[in-house]
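Chains here go by letter, A, B, C and D, matching the order in which they are written, and residues are numbered from 1 within each.
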Amino acid sequence: MKALQIPVVDLPKHTEDLRSEVRQFIKDEIASGSFEPRCDSWLSGFSAGFSRKLGEQGWIGMTWPKKYGGGERSSIERYIVTEELLSAGAPVAGHWIADRQSGPLFLKFGTEEQREFFLPKIAKGECFFSIGLSEPNAGSDLAALQTRAVKVDKGWILNGSKIWTSGAHNAHYMITLCRTSPMNPDNRHGGMSQLVVDLAAPGVTIRPIHLMTGEHHFNEVFMEDVFVPDDMVVGEIGNGWKQGMAELAYERSGPERFLSTYPLLNELTNSLLENGDTKGLNEVSRVISRLWTLRNMSLGIAQMLEDGIPSNIIASLVKDQGTKFEQEMAEIARLIVSVTPSTQSDSRLGRLMAQSILQSPGFTLRGGTTEILRGIVAKGVIQK
Amino acid sequence: MSEMQEMIMESVTKLFDKYSTKEVINESENGRWAQELWEQLVENGMVTVAIPEELGGNGGDYSDALSILRLAGKYSAPIPLAETYLANWILMGLGENVTDEITTVSCSKDVNPIQLQKNGDGWVVFGSVKQVPWARFAKKLLVMGETSEGSIVALIPLKNAKIIQGENLAGEARDEVIFNNVYLHDCKTIKVDGVLQKKNILYGGALTRTAMMAGALENIMELTVQYTNERSQFGRPIHRFQAVQQHLAMLAGETAAASTAANCAVDSYGKDLFTNEIAFAKIRVNEAAGKASSIAHQVLAAIGFTYEHTLHHSSRRLWSWRDEFGTETDWEQIVTEQLVTLKQDGLWSMITGNENKHQKVEL
Amino acid sequence: MKALQIPVVDLPKHTEDLRSEVRQFIKDEIASGSFEPRCDSWLSGFSAGFSRKLGEQGWIGMTWPKKYGGGERSSIERYIVTEELLSAGAPVAGHWIADRQSGPLFLKFGTEEQREFFLPKIAKGECFFSIGLSEPNAGSDLAALQTRAVKVDKGWILNGSKIWTSGAHNAHYMITLCRTSPMNPDNRHGGMSQLVVDLAAPGVTIRPIHLMTGEHHFNEVFMEDVFVPDDMVVGEIGNGWKQGMAELAYERSGPERFLSTYPLLNELTNSLLENGDTKGLNEVSRVISRLWTLRNMSLGIAQMLEDGIPSNIIASLVKDQGTKFEQEMAEIARLIVSVTPSTQSDSRLGRLMAQSILQSPGFTLRGGTTEILRGIVAKGVIQK
Amino acid sequence: MSEMQEMIMESVTKLFDKYSTKEVINESENGRWAQELWEQLVENGMVTVAIPEELGGNGGDYSDALSILRLAGKYSAPIPLAETYLANWILMGLGENVTDEITTVSCSKDVNPIQLQKNGDGWVVFGSVKQVPWARFAKKLLVMGETSEGSIVALIPLKNAKIIQGENLAGEARDEVIFNNVYLHDCKTIKVDGVLQKKNILYGGALTRTAMMAGALENIMELTVQYTNERSQFGRPIHRFQAVQQHLAMLAGETAAASTAANCAVDSYGKDLFTNEIAFAKIRVNEAAGKASSIAHQVLAAIGFTYEHTLHHSSRRLWSWRDEFGTETDWEQIVTEQLVTLKQDGLWSMITGNENKHQKVEL
C-alpha cells in the first residue's frame, strides 16, 4: 500500500518563530476587537481589512516568487500560517480562493503578463477571486456544463451562468470554466477553457443564494454577452478541464478540511476545564486524537506537495475523514455540555455550536462530495 | 388508527397544506405570527384535543392530539400547538377548565420556579423563564411557581411581562419572559406537588417533541425520496447509484425507528404519564434527528442547503427540538435513575415492560 | 411513506402468563446447570436435549395447526417465547431452522404427506433441518448456483455442493435449492426446485467449515449421485427460487436479529450496577433505547405477519439496524468496563465480550448482507 | 526511511515470509512455539535493535526497531518480539546489559508489583502477574517489584514460576505467572522510581502495539484489495460496486490514519519517552482497529470469517492488541490528566506540540 504512505513532518525549528509571530498577531487583533472567532471562517468570515493586514504581513502568496509579490517560503510555512488563522477562527474568506487556488493556477498555467498583473495584488490582499465551475444542471458531473464562449475579434463573448460561486459578491474576478467548442460525446471533457471574468464587466449579474442559515456566501453569476479579452484566457484553449481539475486538487488536503469547527472544540475545552468536567474531557481526548492524526496526515501531504510527490489519493482520503470529523464535532459537543445552541446565545459556546450545526451539511459537499472522494480513493487503492 | 382519527387527520392535513405553507413558515421566521393557521385550528376545534367537553375541551384522546402534533411537525407549523396542548393537559390533570387561547410552556428542561406573593386579590410575580416558545404572541404562560404556602402551577397572562426575543436554530420564537414584580389579579394558581408537576411538564413536553420530530422526519424522508427520483446525474436518476441507495436505506431506517419509538411513547402516555417509554423514545428520536438530517442534506447536496429549498424547515427544527425538553444526555440520566433500582438480570423485564412498571400516578 | 408504517403492539394481557412460564422454565434450567447463557445462541448453542424439552413444552411449531403437532398459537405468542429464550442465551440452535423456516415452508408449499411426516417430529424437537442455498461460487448471487438434479424413475439424482450450511452436522435433513433445468439467461431464476435431502443418504458428505473462532457451526455439504424420491420435492418443480425467497423472508425480522449479543448487555448492566457506575449506565441507557425501539419494530412486524400485511421492506430495514446494533454492542461494552475479553476469562462478562467480538462479523452477513438489505429498502421506498 | 533501514526491512520481510507463515501461526495457536522464526531473528541480530553495542545490542534506533515490529504485526509473528524489545529498552535506560534471550513483559495496563525479600545471596519472590505474552516459552520476565528498600525493576527467570496458560482473542499466549515464595539467586534487581518506571513500561508497550497494529492494518488492507480484485459477483469484480468502493475508501482511510499516527508516535519516542503523541496514537490506532476489522470482514464476507482464510490472523490480533497496554478509555484518562493542566485557549498548542512540551525525563 505504497499509495497510502504519508511522511512524518518534523517542523523545522525556525518555523517556531513564524508560528509565534502569527499567534501574537492574532492575539493583538482579537484584543483590538478586529474579529470574533467563528467556525468555518474560511467560507463565512469575510473582512477586506483583515485580508489586507495579512497581505502586509506577507502571509498571502507566501510560497510564490518574490518578483510577483510572494514570499518564496515553503509549503510548510504557508501551512503553519493557515492553520494558526483557521484554528483562531479568523476572517480569511476574502483572499482565500485567490491565495489557495487562483494564484497557483496563474503560476502554473498563466502568462507572464497575467502573473505580473494579478499576483502582486493578490499577495497584498487587495484582489479577490471566485471560481466559476458548477452550473445549475451539472452538480458533480462537470462535463455537462453549458456556459460557452464564442471567439470574436481580440477576445471571447461569454454566455451562461455559474452557481454556488462562493464570495462572488466580494470578489473582483472569477475564473470561469466554459465550453469553447461543442461537446464531443467521445471526449466529454474536451473543448473547455478557463477565462478570467472581471466581475465588474458589463453583462455580469450576481444574485445571492441564501443558505438555509440565512447567510449569504454563495451566488449565482449570470453572464450575458460578456466580453473577455484574449489576454484573460488562462492556459490553453481546450485545456480547461485538466486545468480546472488541477485547480481543484489544491483544495483537498489543507487544514481547512478539518479545522472548520475547531473554534468550537477550543471553546468546549475551555468550558469543560472551567467546570472541572473530566468526563467531558475524556471525550475531548478522543476527539483530539483524531484531530492530531488528521493534522499530521495533512502536514505530510503538504510536504509531499513541496517534494513533488503525487498525493491525490491521500488528499481525497484526508478530506473525506476531515470533513466528517468537522461534522461530528458539532454532534459530539452538544452531548457533552448542557448549552442550547443558538446564533444569538449569550455564551460563545452556544453561538459556536449553532454555527457548527448549521454549517455542517456543507462540509462534506464542497470541493467534492464524500461519495465522489471515496470513489477516487477506492479506484486509487485498487490500481496500485 | 380509528376511522374517526383518520378523518381528523385528513382534515388537519388539508388545513396545514393550506395554512402552513412555505411562505407562512418563512414569514414566521421574519417575525410574523401565523394568525390564520392558528385561527383555523381553533375554529376546527383542534386546539383543545384530548380534553373532555366538560372541562371545555373537544374530546378525543392523547393519541388524537399527538397525531395532530405529528402533522404539525411534518408541516413545520410555526405555532405553539404543542405548548397549548401541554398546558391544557396539565390543567385538566388538576381538574381545571382549559382554554383555546394561545398558551405556552417553557421547553427548557430546567426552569426555576417563579416567585409569587399574595397581595390582596392578586399576586406580585417575580422571576424569569427562558426558552418560552412563541411567548411574544402567546396570551398565557403556564409555569411552576413558589408561594409562601408552597409549590403551585400558575397560568399567567403575558400582557404585562417583559419579553426578550430569542429563537432556536430553526428561527422559531424562543423568548425569555421576565416578571419584574408585576402585579396580577387574573393569575390562576393551583397548589401542587412541585417535584411531580415539574416531571409532568418534562415528560409531557418530551412526548410532544418526539411526535413532532417523527413528523419532521417523515417530511425529510419524502423530500429525499422525491429528490432522488427527480434528479439525474451522469445520465440516470440518482437513486440508481448504490451510494445513494445506502443513504436512502439508512434514512428510511432512522425514520421508521423514530416513528415506532414515538408511537410507542404516545401509546404508553394514556396509561401512565411517566413511562420509561417516553425516555427511550426521546433518546432514540433525538438520535434519529441528527442522523437523518445529515443523510438528507448529503443526498440533496447544495440544493438542500439553500434557504430556497424547504428541507431546512425540517432539518433545522429537528436540530432544535432534539434539545428541547431534554437532550439524549439528559434523558440518559433519567433512565439511569431507573436502572440503578434494578435487581440482577432485571434489565430484560425493564425493556419488555413486564416488571418495574410504575404505579399510575395520581396528580 | 406508508411503506414504513409499523403498528404498535400492545401485548395482550394473557401473554403475560406465557412469558412467566418461559422465564420460570429458563430459570429452572439454568439452576439445574442445563446451559450457560451465551451470545449468539441461535447459531452456536446446540443442545438436542434442550430442543426436546422445548418441544415437550409446546414451544416449537407454536403457530402450526394442532393436527401437525403445532400449538395453533399466535405469531405474537411465538415471538414472546423466542425473545425470552434468546435474551437468556439459551441453546436453541438445534431446532431453530426447522421451527423458523422449514416448518412454515412445508405448511405453505408442502404436500399433505410431507406435513404429516415432518411437522410433528419438528414440533417435538426431534427433527432438525438445514438450508442448502449458497454455493462456493454464488455468494449473494444465488441465481448462479450449480447444484443440479436430473429426473430418473421415481425421483431425482442430485449432484453438487452447498456451502455455509449451518448445523448440517447436527441436522437430519437439508432443503436444497438446485437446478432442475438448465439456466436460461433471460430468466436466470427459473428452472430451480427445492428437494428435501436426507443427510444420512448415500452420497452425502458433510465437511466442517471452521470459523475463525475455531468453532464448527457451518459446513460444506457434498452430494454425489444422491437419490431423492419424488415425494421429497417441496412445492412445484421450477418454482424453487420463489419458494426459497419466501423461506428467506421468514428470516429477516425476528428477535434473533438484534438479540444475539443481549446476554452481554445484561451482564454488562449487572456489572455496572454492582460497581455503582452511573457513567457506564448512562451509556447503557442509550443502548437500551435503541434496543427497545428495535424490539417494538420487530414486534410490529410479527403483528403484520399475523395480519397478512406485506412487511418485506420493513423487515429488511429492521434486520439491517438490528444486526448493526448487535455488532456495536460488543464495541460499546469494551469501552465502558475494564475487562479483557477472552473466551477463557474467569469472568462471565469477559467471556461474553469475547463471544460477541469474535462472532460479530457474521451478524451483518448471514441472511442477506447489509448491502443487499439496503438495496431492498431503497428500492422499496422509491417505488412507494 | 534511510537506505540502511530499507535494507533491514527487506531482509526482515524475507525472513517473516519464510518463517511466519500461515501454518506457523496456526500451529502456534495450537501451542507450538515458533522456534525457527525466533532463532532466525536472533541469528540475524534482530532481537536487540535500538540498543548500542556496548550494552550488548545491535545498534540502530527506535525507528528501526519499530519498523521491524510493524512487519511483525503485519505478518502476525507469534513471538514476544515487542516484549523482548521493551524489556531490553528498559534495561538499557537503566544502564544495564541486554540479552537476546526470550524475554517478556506483562501487557496489562495495571500490574501490581511483585514482592521480593532479600534472603542471603538471593531473593524470595511472591506475587502474580497476569497477561504475560508467551510466558510459557520465555526465559525471563521483566516486572516491577517491591522490596523492603523500595521499588525495583526485576528481571526474573521463569524456570521456577508457575504458569497458568491463557490466550488473547487471537489465540496468542497470554499467561499468568505466579511466584509462590520462590527462591531465586539469579534475579537481577535495579532500584528505580516506581511510578516513573511503570509509566515507562506502559508508554513503551503502547508504542509497540501501535506499530504492530499499523502493520496488521496494512495486511488487512492488502487482503481486502486483493479480494475485491479477484472476486466477481453478478458478472463483475466486486470493487466495481459503489458500496464496496465506499468500504474500500473507509478502510484505506483508517489504515492511513493508523499508519500516520503510529509513525508520529515512533518519531516522538526518540525525543521523549512520555509524549502525548503516544497517547493520541494509541487511541487513534485502537479506533482504526475496530473500524477496519469490521469493514474488511464485511467485504470478505463468509470467506473471511473462516479459519481457513488468513484475515483473522490480523483482525483477531487487532481486537486483542487494542486492549493491551491500555484501551481508548484508559488513554483518554491519561490525556485528560494533561488537559486539566491547560490554560484557557491552550488546547491548540497541545495539539501542535509547541508548548506544554514535557521535559525530557532522565531515568
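As a working rule, a contact is a pair of C-beta atoms (placed from the backbone, for glycine too) under 8 Å apart; a residue touches a chain by one contact, two chains touch by 3 or more.
Model, not experiment: these values are computed from the prediction.
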TODO: Write down the chain pair with more C-beta contact pairs when A-B is set against B-C.
DONE: B-C
Open item on the list: Taking the mean of the C-alpha atoms as each chain's centre, how many Å separate chain C from chain D?
Closed with: 39
Open item on the list: I need the residues of chain D touching at least two other chains; which ones are they?
Closed with: 241-244, 246, 328-329
Open item on the list: Where in chain C do residues touch two or more of the other chains?
Closed with: 371, 374
Task: Topology of the chain contact graph, where touching chains are joined (line, ring, star, complete, other) - done: other
Task: Parts of chain B lying in touch with chain D, wherever the complex brings them together - done: 241-243, 246
Open item on the list: If we count contacts the way the header does, which residues on chain C are in touch with chain B in the complex?
Closed with: 1, 4-6, 8, 10, 16, 19, 83, 87, 262, 265-266, 269-270, 273, 276, 278, 281-286, 288-297, 300, 313-314, 317, 320-321, 371, 373-382
Task: Of chain C, residues touching chain D in the complex - done: 134, 139-141, 163-164, 209-214, 218, 327, 331, 334-336, 338, 340-344, 354, 357-358, 360-362, 364-365, 369-371, 374
TODO: Spell out the residues on chain D that touch chain C in their complex, using ranges where they run on.
DONE: 108, 131, 166-169, 171, 174, 231, 233-234, 241, 243-244, 290, 293-294, 297-298, 301-302, 304-309, 311-312, 315-316, 319, 323, 327-330
TODO: Using the touch definition up top, name the residues of chain D that touch chain A in the complex.
DONE: 218, 221-222, 225, 228-229, 239, 242, 244-246, 248-250, 252-253, 255-257, 259-261, 263-264, 267, 277, 279-281, 283-284, 287, 328-329, 331-333, 335-336, 339-340, 342, 344-345, 347-348, 350-352, 354
